[in-house]
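All chains are identified by letter, namely A, B, C and D, in their written order; residue positions are counted from 1 within each chain.
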Amino acid sequence: MKEMATETMISAVAERLERNGFQVHKVVGVNRTILGAIGDKRTVDIREFEILDGVHEVIRITEPYKLSSRTFHPEQTVVRVKEASFGDEQITVIAGPCSVESEEQLFTIAKEVKNAGAKVLRGGAFKPRTSPYSFQGLGKEGLKLLKAAGEEFKMATVSEVMENAQIELLVDNVDILQIGARNMQNFSLLREVGKLKKPVLLKRGMAATIEELLMAAEYLMSGGNYQVILCERGIRTFENYTRNTLDISAIPVTKKLSHLPIIADPSHGTGIRDKVAPMARAAVAAGADGLAIEVHHDPDRALSDGAQSLYPNQFSRLMEELRMIAWAIGKKI
Amino acid sequence: MKEMATETMISAVAERLERNGFQVHKVVGVNRTILGAIGDKRTVDIREFEILDGVHEVIRITEPYKLSSRTFHPEQTVVRVKEASFGDEQITVIAGPCSVESEEQLFTIAKEVKNAGAKVLRGGAFKPRTSPYSFQGLGKEGLKLLKAAGEEFKMATVSEVMENAQIELLVDNVDILQIGARNMQNFSLLREVGKLKKPVLLKRGMAATIEELLMAAEYLMSGGNYQVILCERGIRTFENYTRNTLDISAIPVTKKLSHLPIIADPSHGTGIRDKVAPMARAAVAAGADGLAIEVHHDPDRALSDGAQSLYPNQFSRLMEELRMIAWAIGKKI
Amino acid sequence: MKEMATETMISAVAERLERNGFQVHKVVGVNRTILGAIGDKRTVDIREFEILDGVHEVIRITEPYKLSSRTFHPEQTVVRVKEASFGDEQITVIAGPCSVESEEQLFTIAKEVKNAGAKVLRGGAFKPRTSPYSFQGLGKEGLKLLKAAGEEFKMATVSEVMENAQIELLVDNVDILQIGARNMQNFSLLREVGKLKKPVLLKRGMAATIEELLMAAEYLMSGGNYQVILCERGIRTFENYTRNTLDISAIPVTKKLSHLPIIADPSHGTGIRDKVAPMARAAVAAGADGLAIEVHHDPDRALSDGAQSLYPNQFSRLMEELRMIAWAIGKKI
Amino acid sequence: MKEMATETMISAVAERLERNGFQVHKVVGVNRTILGAIGDKRTVDIREFEILDGVHEVIRITEPYKLSSRTFHPEQTVVRVKEASFGDEQITVIAGPCSVESEEQLFTIAKEVKNAGAKVLRGGAFKPRTSPYSFQGLGKEGLKLLKAAGEEFKMATVSEVMENAQIELLVDNVDILQIGARNMQNFSLLREVGKLKKPVLLKRGMAATIEELLMAAEYLMSGGNYQVILCERGIRTFENYTRNTLDISAIPVTKKLSHLPIIADPSHGTGIRDKVAPMARAAVAAGADGLAIEVHHDPDRALSDGAQSLYPNQFSRLMEELRMIAWAIGKKI
């Protein structure tokens, strides 16, 4: 309450809190009175109280997420998909082209990344493109190719789902559904995917706080889908030399707040090929459970994001470096 | 090109540009050579060239949007809906509750805002909520009530569409479809709504640049729907006293870059009731074509966003102030 | 405290708080225990407690500034300088060139802005330039010219002080000392200027929160200088169409938190001439106590910031618009 | 130029460019004409041209810094101070308390960090504190203690200089002068320190782009002081779980743009003890030339920043991990 709040104001606020189901504790300080409201009421909009007469500030003590919180679930969650696992001492690398372009392209790249140690094959079939005039992905045909490549090279697969109507197609063809950064708060999509029993790779939105990322995970989990892998992929800041600013510190922060595994995507996080390897190494050194990296055997001709794709030999060399860094911190690749 | 770029490097880049359909002009400067690439190739990813040997930087001269650009369409677009118009000398105010809660609530508020001078009635039926545990809207029933209120008070209506499956319901019941900030880059939704012949209120995403807002409009327009009203509703910055930072300068900037009308939403832009009126006045003074304002007759009991809703008498007083400000800059309300 | 905090942990934290002079109240909730620490200890670093065993989060209830807070000083401060006043119903406009360049330039501009209604003449003599190769100001000679122009046109004057060694020169020649955005947290400078009895125009840093702006004011005031005028001049955001994002909402927010007057600088806040007038109108409509606007009679030849300077006739026209907006909200220019 | 720019407008701009000493090349494209201006004119304010009639956009091709640019100085700069070196295969760690508090404190910590492998001892004597009520440092006495500790443990030393009047004292007592983040654009200070022949540790401002950091280095170097060590210490973003967002990608970016060494400060970059080690590992993995880390033997009683200081045993363990990571990328500690 404000310094000048009257007893009447204080009582009015206390009564209103009680009406909302809170138990109220009044603490009288030197300059002001504090009302402590006890109760597990995550849905209350605290701004409702901020505008009452005499109120100085309302502060939420309990975080608004529960299923994704480490407080209520201290053990680390491990998401297992075929031979891949996210959340244990294994650092799992997802690799592949930005978009599936053709059988030849996908199989060539899949073979290379498999040999270098990647456990999961990525490849976009439905592409969220900033411009309506850009290549939008092969759709169903792309998913079929991805499935075939996964079987051929014994890799788990991941691809992005952009709308509810695509869910069935994705479920039939890939092992992990990706929800992209621009859809992190597409609540309709989160709700539908939350009804599945399939692992989900949930990317942090460019303007999303870590708390909002965990709230998005909460949407998935409150529907019953607990196999959520979080992914840091860069936030929007004033610095625009890089496409986004990969928030490496989100990795240790999220690991403390949540039991869900978290990986990093240095390809989208930087947008520039020669920054991918340093940032991949940084993410692993900071404790990431895995990485998602774009690789293309002929990036000059890639239909999307060629500029941020590694050549296969760069990817192999990076995997070697990552192996040593993983070992330095007690993990393995 | 870099200072140390060799002739071979320069030729390689020039050839590659030509292969992409550009006409190339070579300008030899004191320290470096510049290659000017001429051609209307909006879909080229400029990063593809940034990574070539000897390249220092690639800069796009032409903006990537066309249909929404004032360059190609100098006359101001005016979107007309019933008695409301956006883009002419009239400043049009959209008002109403955050969520439709009941017939009594909606009709009470509609009557008040109509009397105060609002031309369009807003009311959410499908609500994008950060928490899965919050009130998610009345859905179809809410839209029916909104339609009835619009007819009763002779107001145009607007409500948010969150996914493709809701489009039909919205089209049948409201005059303007709103695409929310979190869906500004939900390209699946943009594509479907772009096929309609209904006015769209497109809100700027919290992390979206003005260019990205115009690219989202481009999605709608490239589908054939030209009745797009843009809406500034606050961007995410480091300052967190207000919920978002309402970017008032986006109003004159957008008016210069695009022929589309732009309004401001000071309710979501600030998130705090006593900041709504000053920011509404500021938006009008800066040249906005309209405003979207949340009003509730009993905000303490509102099911969502009560804290940022004006009381009807505050709204009336604000409309009086706005009338004088509009007059000061040669417009009217 | 965390959910799993033991009684020992809770006691240890409580004891440590008491050792720091706080009175401790223990509130036992459903899931966790909250310790309320009562005491006016603004200098405690709350992070010291965050790292103790069992602590979930530490939240400061009292704002860390006192002299600049409206809580402890509810009456609005009015800073009066010659015929100008900041903080009452008068909206005071500061105008003039970015840099003092010559007697002819300064007197020409001073006459124009005086005629249009400006009460304070601005003109830089020491210029903070991003590049060491740019014009750095006329120094002492510039201040002498500013003083002469102020006397000739009966206007108060303001100019920037960049370091302690310049203070004496400024004090002798101008009426208001400006502390620039880049020096807002130059604590050495704040401390010295705080010892003066001269009005100070304190500009918000590009990355400074409103709280930090008020803490910088606190430095000045704790030294004994209470004549502080705050100035919003744009914050750094991801949007880079404008040079900075003028945070108009900072005006009503600061007016609520502090009793100090606040003005806006739309010239630096936008960096583009044709955005200055809309943003100046917006700032006044939002409740600013004044404006600082750059005006140049020949901006194409200005030695600095010509691109954001208004022509005298644009400035006169703007003053007319501002007069009507001021009147609309019960103020005057 | 704009699509609708007339020949008269185009000629006027071309003439004006020539008047400014540029050589002009005219490129006529499909939709618009482009004027290429050739000439090494770093001081021109490009906005001057943006406001001319018919101009669409002005883009600077040459970076505005020269002495700090790798383009003009491809070989990596190595700054050597006693046994420490920054910029070669050695990763150099600066460690010590935030503030010098007493001889016992400083010597205890110095011994620990020396034993763990730190080569440079840090310790603040003049402290930039957000609050005027916080501990401001021991001043001269602190510097004397730092010098003595450096001699005792054969370590180079670094401490912050906050204003010109302190320079002499710093020069006499420490090996490296630090310019803090809040003073990165204190051009008066940069100019004076630029006249010295002492190594400088220049910290990136919280809202500074990488280009602005290099422009600040340019100030130092244009005065003749080439021994500049850059330091990434976190930028201000919307994410406020951490105190700042340590921009790890700034490390590879800066190494590409500039020949100057760059280190990272994970203590200030995160502000939370348990995030320091992961971010220190990440910085080294990303290619940093060194680190600056706060260590305190009794952080609970530290007079400043105790919450982000490592205990000596945490620091030793971290040094072990860093050694392995350095080895993994072909460097050493």
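The rule we apply is simple: a contact is a pair of C-beta atoms (placed from the backbone, for glycine too) under 8 Å apart; a residue touches a chain by one contact, two chains touch by 3 or more.
This structure is a prediction, so every number in the text was calculated from the model and none was measured.
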item: Of A-B and B-D, whichever chain pair has more C-beta contact pairs; value: A-B
item: Where chain A and chain D are represented by their mean Cα positions, the distance between them in whole Å; value: 31
item: Whole-Å separation of chain centres (CA-atom averages), chain A against chain B; value: 26
item: Averaged-CA centre spacing for the pair chain D and chain B, given as whole angstrom; value: 38
item: Shared-contact residues (touching 2 or more other chains) in chain C; value: 207, 235-238, 240, 274
item: Arrangement of touching chains [line / ring / star / complete / other]; value: complete
item: List of chain D residues in touch with chain B within their complex; value: 2-4, 23, 25, 27-32, 34, 36, 38-40, 56-57, 59, 61-62, 71-72, 74, 236-238, 240
item: Residues of chain C that touch chain D when the two form their complex; value: 16, 42-43, 45, 47-48, 50-51, 64, 128-135, 162-165, 182-183, 185-191, 205-207, 212, 215, 218-219, 222-223, 235-236, 271-274, 299-300, 304-308
item: Residues of chain C touching chain B in the complex; value: 207, 209-211, 235, 237-242, 245-253, 256, 269-270, 274-275, 278-279, 281-287, 321, 324-325, 327-329
